[in-house]
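The two complexes that follow have chain A in common; it is paired with chain B in the first and with chain C in the second.
Then we have the complex of A and B:
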């Protein structure tokens, strides 16, 4: 069981387009996931320019996986898949 | 909170800023609706062409143009852009007289508000709906409750009485939200704002689930003024706290980095408002201990009094708002600057027009400039302010903030000073009645604070985080 690393883009574009809703994602984690999820707020990951603006807000998971149009729900589901799926 | 309406508005703003900075706005603006809704891709409404038509109107509003005043439907956005001569010298800043505009094609023409019984009705034996209705408007026909719309007064008692949640009230969100009955559907069933009644509180702007009510923006005016090399002072409203990640001082630094020649907190103006308003209040009370005074810093409230409660005008404090004092401070420091108020408020645009503030930006629009110019607030070194504003002044954006500030100031001057204060925390149809009760003396008060937005400016219609 590996830990999950979540990097939330807090560049102003992502922040404006929904990242503000994910700032408190750590508080929404179920008890059993605590300590296994590492959440970091990052300055602009530059995905809104390379990919596209409509895909904001972006989240990077485990360094490589990119989630576009991220929402707290989508993010929690994916974290769950990675944690429980690996179990 | 982000939703489909806020997302599209902010996305368009950021695209506008990026295109402006790349020098391609005039040539690209007509392509934006097509880029966002290419053919063969899923549409948000009936088809991509409907979506594109609405996107064009959204961009028009972002260019500051009123959709209501559109004459030539074939006129491209690039023509509107060129016409305003933003690219040339001597662009004038003009606050639009009507800061809101309704996008007709976006309006869904919601059916009139009604209370109706749905399929969930089981035609039960007890029939609490029938018994509870004060107008005897409900009958059970073929095992289902039916509400006679001619008799129904929409009191909602049957809704509360039904154990199956079978009765619902449908609403017209904009009409429901408007405290003064200024937005109504016209003969075509499309919402229309009566600007003689409108107080620009922005409730309809937030309430419409189809985002049909739009703000007329000065975003491009500000970008163009910066490009002309004009000195623009960013005056950040106290409501900015917690709107962006980071501290107020970092937000000030971000503004400076974005191209404002100087930055300041409007809370410094709020300190002056507190001092003057307190003195004014004490003086009024000395003259007539039975009278009352009401606050003047919420522009939607001032508009409400001016347009709908003229009998209260003499009770409104004559003290200028924090924005007006902030403008004075900025002009005193350098008379050649132009002033830009940045806040969460629609109605401030109407006050700015009266009080010679050159431009108004919302937090969303400021955010779009920062996003377009790749400035992250948390990455900025805090701005070296001469001194931070007083905490009571920074608190102006919260309900009770003004009352607290005045009370603190007054007790410092006159120990044991008593304030019989009341707060109207959000203007709606009900609180309008409350105001009238205070005014008639039926509910005594001597200091009445009124904020159009529940919780204060921090929950303003254009705030980023509520």
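Then we have the complex of A and C:
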């Protein structure tokens, strides 16, 4: 069973456009997911200055997958897909 | 590269004079009846302190004390002889309706780097001069009396004030704390008690700043007296030492080729480093090979600003413009750091502990900050830092240096 790694960008633009709402994402995880999701804050993922990525706030999942305009709901849904897919 | 001017405190020949004071107001009074004032005359590399205790307490005492310190410091600066200055001050103080006298004590400290310190006192507890934990006697010590005011004796001392030395000035609220309420201190804490306390603190913490030592002495004077402050408490400390340097790196350099040199600024010389900005932290990570760690627990207690990261062996990292904006408003309004969100508090507390704050400013504009969807106006980094520098100099007597990349 693979764990999921989530990196939340805490740069200014991401923080203002919604990353602040994801700071406590760990507390929102269902009991059965606890211990399987690793959440990290990043000083800046430096994605906001690149074009065509979809817009801040950005979250990086498992090191490569980039989620643009991330919200807690979107993030939880994606974590669920990954965990259940891996189960 | 530009250097901004400094005020209040100053450095020369690698030495820095830290002048700080702590005060508590007599319980029940709205204004402190003591006043402490500092002045640095940059051109002469001269540093002045005036501490005065006005007769009585509350607003009336505050007016007497403030008039005394403001006049005294101006006279000192203009090299008017002490006796003449004392006479002018005495003649100008308003006379108390009840006591039929106008009176305020004072302690004055006048020091030119490379020279001797001169201390003039009237009615205040005698100053304390410490070299490490050793008390140093004055080079000369004499009493002078005014013809107009024969009952007012002024003590004039000359002291050999060297690097590492401290001078402590206080009002009688400090030396008389505990008087009449503590059976074990019939005459209060006394000068000898303050001296013993200061020596003990310095023995424990040889580099203790003037800010921390003055606060510790004032706090102890307050603690000695049960049931609140019986008199206004003021303690000023002057400390001559090597400056403590903090360097704040903020923003990516305009030219990417300058990243390496920019990052090296984090290693060359400063006692403490703060990286303000996500990209800034990333540049340090990349160029210096340090790892920035943001603790998850800190994310939840960040109090409205993005969390703080640590860079092992280098310092801390915070978000940029929001955090600096908060730091700016706290400095401009002189709000104590304790209640600020974690990241702003971390920076403010470090600024208070250092004497010289050097900013290394990358001038590249972050395009994403111009996104109209961002719910607030983001100021330009350079203008925020300029205002921070002005507030640090004006309100906190720090020396500030700005370097642009």
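Assume the second predicted complex is superposed on the first by the 83 of 87 C-alpha atoms of A that agree within 3 Å, B and C clash if a C-alpha of one lies under 4 Å from a C-alpha of the other, contacts with A are read in each partner's own complex, and residues count from 1 in each chain.
By our rule, a contact is a pair of C-beta atoms (placed from the backbone, for glycine too) under 8 Å apart; a residue touches a chain by one contact, two chains touch by 3 or more.
Everything quoted here is computed from the prediction, not taken from an experiment.
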| item | value |
| --- | --- |
| When chain B and chain C are modelled together on chain A, clash or fit | clash |
| Which of chain B and chain C A:39 touches, first, second, both or neither | second |
| Superposition-derived comparison: chain B or chain C, residues of chain A touched | C |
| Partner chain(s) touched by A:12 [first = chain B, second = chain C, both, neither] | both |
| Touching partner for A:24 - first (chain B), second (chain C), both, neither | second |
| Touched partner set for A:53, first chain B, second chain C, both or neither | first |
| Clash with chain C, by chain B stretch, listed 116-124, 368-376 or 440-448 | 368-376 |
| Intersection of the chain A residues that touch chain B with those that touch chain C | 10-13, 15-17, 20, 23, 41, 43-44, 48, 56 |
| Residue ranges of chain C in contact with chain A within the complex | 277-279, 281-282, 292, 294, 296, 299-300, 302, 306-307, 309, 317, 319-322, 366-369, 371, 373-376, 378 |
| In the complex, chain A residues that touch chain C | 9-13, 15-17, 19-20, 23-24, 26, 39-44, 46, 48-49, 55-56 |
| Chain B residues within the chain A interface of the complex | 1-2, 7, 10-11, 14-15, 36, 244-245, 364, 367-368, 370-372, 374-379, 464-465 |
| Residues of chain A defined as touching chain B within the complex | 10-13, 15-18, 20-21, 23, 41, 43-44, 48, 53-54, 56 |
